[in-house]
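Multiple structures follow.
You will see two complexes here that share chain A, one where it goes with chain B and one where it goes with chain C.
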Partner chain A sequence: MGLDYTIFIDYGPKILEGFRLTLIIVICAIFLGLPMGVLLAIGRMSSKLYFRGPSVVVLEVIRNTPFMIQIFLLYYVLPFYGVRLPAMLVGILALALFSSVYYAEIIRAGIAAVPRGQSESARAIGMSHSQSLRNVVFPQMWSIVLPPIANQTLSSVKESSILATITVSEMTMSALAVQGITFRPFEVFIMITLLYWLLNESIAFGVRHLEKYLQTRRGHRATTERTAVEVESSLEAARRMTR
Partner chain B sequence: MNAGHATISIRGIEKSFGEITALRGVDLDVGRGEVVCVIGPSGCGKSTLLRVINWLQPPDAGRVYIDGEQVGETVDANGKVRSRPEREINAVRARVGMLFQDFNVWSNMSALENVVRPQVVVLQRTRVEAEAIALTLLERVGLADQVNQWPDSLSGGQLQRVAIARALAMDPIVMLLDEPTSSLDPELVGEVLAVLQELATGGMTMIVVTHELGFAKNVANRIIFMDEGRIVEDGPPEQILRAPKTERLKQFLDMLVHV
Partner chain C sequence: MKFDFSYTVDAFPRLLEGAMITVQVAFLSFVLSLILGTVLTVLRSFKIKPINIVIAIYISFIRGTPVLIQIFLAYYVLPVVGIDLSAFAAGILAVTLNSAAFMTEILRGGLASVPKSQLEAAHSLGLRTWIIWLKIVLPQAFIASIPPLVNEFTLVVKTTPLLAMITVVELMRVSQQIFSSNYHPVEILIGAFSIYFVICFVISRASVVIEQRFSMRRA
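What follows is the complex of A and B.
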């Protein structure tokens, strides 16, 4: 069976329309998920139970249940309680929440990887906990957590295809639709494979440059790279255990 | 010149970490402008004592007073001891300078920014004002030509001097020094001790945990010998170093001299 090139031309625009939605979903999910991840990480490390408790519950529940079940719950079960949200919005929120718990674990490990003396001297000079995080810990943490954050973001891009199951017309959904019309799965899935690949390669490319920029701006430090690798490998191990 | 002007009173401090007891009832008074060196074997609780004074490690029991005001806790009208709000604890820490063995100069900012940032963040000084103060102090510790360097390109001695400038910028009323020269290469110890000596002569109240007996002898008004969480001997340098009263101090000094 040879390739039918007319499908690329006839249905390419429809797939690209889906690609556009995927892009919007992913971007929104990252920009919502990262701050949520920071909050969850801080909550998780808080000594106050009313911060730590809810954070731990969210982290454990989201991390230990399948993404597909989470979106089913949000999309099919919430309407019974009067909360009826458009599929697109549910998709963005679910993906942001899903990503945020992994971001939170990465950020927690990143905070722990900043030498204790750095925050101790900040507290000793009179900074509050949040001032020491903002002025000393976070700036040192970003270059450490960037590679694992990027990894998780690539994962989130791929997970976004599951939103097809709740009728969000993102790229996978549009591919399924085109496939239903044309009965040509090969051409269709080749197209979206290339587009997912292109999207993730672009993210990885951007992050590599951001990483270089962060390193030159703060002066190159050999220890930063080693710590980054350590953090990433321990996170990988943790993920293997929980998935 | 920052004239040191504080008295410190420590009463009945006890502190344990799980099974390990670090401090077993420590009482200590340090007068205005006094320089007190604390010596003792590792694990005797001397570093913990410093961290209790600025409440970095709240003690299990006991009280700390700086200029008569209780640190970390307060007694309410009913005689009940309450923790002070974090804001008040931070305000005390801002006036208590602390130096660490590992310098702990922030690696995400230049030497200058290390001295400027806490003034802006904690004391709400304007950047212009903070920079002027920082530059003066960096010059005073001999780093006028290094102000734009990042910590990873400074030597240990330079880092500790940045830390000194950073602490001085907060106009401390007392300085706590936790083995300030222990992780320095021998040839760099001198430059740091010289700055500290100048501070001491300037009248700064200081509590210095140190293994530098020479520094202790030259600069301290008093030396305190601690062992197993207690103050074992307390006296002027000549007496402590030349005529130790207890067998334990004798052994400790012998060990330092012979190593």
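What follows is the complex of A and C.
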């Protein structure tokens, strides 16, 4: 069975349209998921039980269940309570919720990586808890957490393919549609495999450069050897939970 | 419509049957990928250039593409090149190949934790290479990698519902079958959701226990 090149030409635009939607979904999910992740991280570290309790429950439940069933549940539960949203929006919401849990873990490690003395001094000069977080801890944390957060994008791109199961017309869905028309799985799946691979390799390339750039910039700052090792191991643990 | 818990209760026995298949699939893929991952790790440590390039491309491919696509490739594309597998076998193959790539990365970390001096000592005692691997390096590498390996097992469990897409009748597929005939998706999915949660939660908590047992042996 030879390759049928006409499929690439005839259905390429349709696949690329799916590729565009995949990108939009992932970008929306990142911008929605990050604030949720920050909130979950702060909640998780709060000393008050009514903040910490719900955060821990959300983190554990999302982390210990498959993404596919989370999407299905969201897709069927929302109409159950009278909320009717297009599949695309449900997909973005689900992906944002899913990623926020992993962002939260990374941000928690990042906050812990900022030396305690910093937030203590902020409190000592009269800042409130939230002020010290906003003005002292967060600005120092971003350069530490940015590479792992960018790395998380890889996983978001990959998870977004599962949105095809609730008929979101992203790249996997468009491939399945073309497959249904042409009955040529080989050409179709090769096409999207290469596109996903290319996209993810370029993101990984970008992340590596970002990492290097931030490392040389951070070099000037006084971080002790010990905290550097601790940061690395706690970020590694956060990274390990997803792939 | 109101949430009717009796649907969840009625469906529960069938959901549990599906869960048994899920656990079987996950366990089988996990064991196979552990074997494949170990073989790849050992191969890679010999530093033979062409082999390492092939392994690097394989890992990049697995990391760079969604599991769902890998499952589709195994089920829809392999028959085109003459390898016709059942849905079950194609599913196991895809999940195994996927997990093995991550397993190799995990074991590489475990390998790094074995002190170099032990290898030198073993060599100077005149032990054969395969004995050194089997008795000295691998056992320590495995014990050092227990937490990420257990985590990998939960990741495998969380990958299995995707096999429903290629008609493997595991927990996800069973719940789809049930709610497409009784039209109560929320009740049924909550049931399946809880079962997945219990499986993964128990496994991830078991990690602590396993680690303690082995750390006692190590001490």
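Everything that follows uses one rule, which is that the second predicted complex is superposed on the first by the 200 of 243 C-alpha atoms of A that agree within 3 Å, B and C clash if a C-alpha of one lies under 4 Å from a C-alpha of the other, contacts with A are read in each partner's own complex, and residues count from 1 in each chain.
Quick note on the criterion: contacts are C-beta pairs under 8 Å (C-beta built on N, C-alpha and C of every residue); 3 or more make two chains touch, one makes a residue touch a chain.
These figures come from a predicted structure and were not determined experimentally.
Student: Chain B versus chain C on the shared chain A, clash or fit?
Tutor: Taken together on chain A, chain C would fit alongside chain B, as the superposition shows.
Student: So, does A:6 touch the first partner chain B, the second partner chain C, both, or neither?
Tutor: Touch status of A:6: no partner.
Student: Look at the residues of chain A and decide whether chain B or chain C touches more of them.
Tutor: Of chain B and chain C, C contacts more residues of chain A.
Student: Just to be sure I read the superposition right, which of the two partners does A:135 touch: chain B = first, chain C = second, or both, or neither?
Tutor: A:135: touches chain B, not chain C.
Student: Touch check for A:126: first (chain B), second (chain C), both, or neither?
Tutor: First partner only, chain B.
Student: Quick one: classify A:61 as touching chain B (first), chain C (second), both or neither.
Tutor: In the superposition, A:61 touches chain C alone.
Student: Can A:117 be said to touch chain B (first), chain C (second), both, or neither?
Tutor: first
Student: From the CA centre of chain A, what is the angle out to the CA centres of chain B and chain C, nearest 10°?
Tutor: One gets 110 degrees for this angle.
Student: Look across chain B and chain C in the superposition and give the shortest C-alpha distance you find, in Å.
Tutor: Minimum over all C-alpha pairs: 25 Å.
Student: Looking at chain A, which of its residues have contacts with both chain B and chain C?
Tutor: none
Student: Considering only the defined contacts, which chain A positions touch chain B in the complex?
Tutor: The touching residues are 115, 117-118, 120-129, 131, 135-136, 139-140, 218-219, 221.
Student: Under the definition above, what is the set of chain A residues touching chain C in their complex?
Tutor: My answer: residues 1, 60-61, 63-70, 72-73, 76-77, 80, 154, 157-162, 164-165, 172, 179, 185-186, 189-190, 192-193, 196-197, 200-201, 204, 240-241, 243.
Student: For the complex, give me every residue of chain B touching chain A.
Tutor: Residue list for chain B touching chain A: 54, 56, 86-87, 90-98, 100, 102, 104-109, 117-118, 121-122, 150, 152-153, 163, 166-167, 170.
Student: Flag every residue of chain C that touches chain A in the complex, lowest number first.
Tutor: Answer in residue numbers: 1, 3, 60-61, 63-69, 72-73, 76-77, 80-81, 102, 148, 151, 154-155, 157-162, 164-165, 172, 185-186, 189-190, 192-193, 196-197, 200-201, 204.
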